[in-house]
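Read from first to last, the chains carry the letters A, B, C and D; within each, the first residue is number 1.
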């Protein structure tokens, strides 16, 4: 299996698992995985597809600017520029963007603060933090409709090889050194969002 | 594959995916896909079937009045007249009707206002609206038990080739130019309903 | 296919679908389907099995008193006596008993009133009620640990060929003339429970 | 099939079912099943795997101290020491540890009390308690980052051949004489957590 086939399979696997959770409502969401470093090339989801289906047009290969490497009728996902930031600025190998009800709610409730911080939770170890008092902060940025502006704002928070950023009333982008780490960051974040919202509600009504 | 087989597969695909989400409780819900324009003929779900099963009697072909094209023991879904309005009045190719807890709650909470409007949400792009301040309104109509009366009331809001209408304490009908667009309208609406209800609750308890 | 094999398949189908929804937590729940009328014999789930698995020991044939028809090491579900009431007193062909969080909550909140009544909801048509102002009442009985006493209390509400009864902090039993109708009664009830609890919460917090 | 293969299959089955419920967010969770009594040896999940996948490196065989029986590049799950306590102190055959939003919320809300007690619920029979007024208590321990300290604190509550312990803001460990019983304890506990949280909310808002 060539590198591109191997990476395709890894990304298709993640797409299948996340689609079963209905994390791609209304054809939303997009996924990317790096195939080579020199030059930087990555597979990214083609625009406008129903992600509950599996076809050989689900992904296409793009370069470090997000442009298709070969002639194709497929269009890279509109938000490919965000993945471009990640692969150009870090050693990340995989980047995942999904819309869920809970990540949208968190982004709206904490949007004015520009971030949410989690601590005192075992699942924080998924971020590679093992101290008892470790904390993890997820920035929340404004959802510019103009994608290059959104990418620029997003870029400010792309410093580490693994991380997560929320876009207000839009969704989360989580990335990592490989597919497993990106998925781990994504799932840990969604778990923390759901936990936080439920605890907030219970504490409020139980006063 | 003939056109009718192709459309059958498309509709069966949607039925399978929505059934996995339990969007057809108690044999509710019905789906339709256009097969030809002249004359207008469409496939519609047969009445009273368990939609978690897949059989060659799941759909039947009906004409522009919703009557079976051939002799058959199958009965078109009781609410076929709503799909009739859509295919006669617009260029829509597919129409989906489902009952979910959240679309029922929204229809009850906003039923007296006769509509619900969403704005400031990325997922609104699923409706083909790309402006930062775009908004999308879903009308809510009274649930007449008499289907022809319901269809008449429904018809008033069937103007575009893609759209969505809520029927109070009943469910949503979403349609689009093809199966993908109809499903996109449906999923975006359900996402917005769930988001709205959860945010409403959190904002209320966090005061 | 013999009648017993056919009924086995029908019940196995329902078990599979309900297991995917996690409606059999902790090996709870039990299912029954009638195989013959004279003498009355029905298949019932064997006691203590994990219902996410499918084996040829999932069900066993019992008589109108709930006793195994043949020598077997399998034990009929502890609550077989409730299905016995249904098959002896009505023309029902199938009876389903499941534990869900929402049916338990409803049974606790309305347990003192001894019933819950639904109206003004499209899904009520699943109970075969087509009037605009139709209503459907589900009785809630005390959860006697002594099964014969529970069966006696339950029997009081077994009058129709299709129906549903809640047992407080225990679960629901729904039955119908055939497997499809029993499942329809079950799903409509669970939909109404979830709808009711969510609407109750929203109305309370939005005051 | 050898004993180790048989146990492997049993544990793989449980992993598959729990993974479908998303009970292993961010590669969290770990599972163990005893293979022999003299000497005590058990299969335990390898560290850091994505549990939605199935491979022949999902589990490895360890001894009564949690050390690999054979040379291997696989590392036993970091929390193997908790399973060590269970297999050394009781006759349990299987032990399951998962993170869910609801078990985390319960552990936080009742953490200061150090326990939560359930009664008056049919599902309590899953714990082998058949009296009408039976009650079941789940201890909640502090989540020490230092695993040997956590194991020591955990050990205090490992007395029976079947049981369950919550670790605050971390997850639940449930065990039983065999795979079926461990799963039963786990599912009954999760059902009770979800039921309790929802009832608490409804009772609070309906005052």
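Please note the rule applied: a residue touches a chain if its C-beta (ideal position, glycine included) is under 8 Å from a C-beta of that chain, and two chains touch if they have at least 3 such contacts.
Which chain is which protein? Per UniProt: A, B, C, D = Methylthioribulose-1-phosphate dehydratase.
Since this is a predicted model, take the numbers as computed values, not measurements.
For the self-contact between chain C and chain D, the two sides draw on mostly distinct residue numbers; the shared fraction is below half. Rounded to whole angstrom, the centroid-to-centroid distance between chain B and chain D, based on C-alpha atoms, equals 43 Å.
Chain A and chain B have CA centres that are 30 Å apart.
Within chain C, the positions touching two or more other chains are listed as 201, 205. Shown here, the protein chains touch around one cycle, each chain meeting exactly two partners.
Interface of chain D with chain A (complex): residues 22, 25-28, 48, 50, 52-53, 99, 101-102, 104-105, 108-109, 143-145, 167, 169-171, 197, 200-201, 204-205.
Contact residues of chain B toward chain A in the complex are 13, 17, 21, 120-123, 126, 130-132, 180, 183-185, 187-188, 190-191, 194-195, 198-199, 201-202, 205-206.
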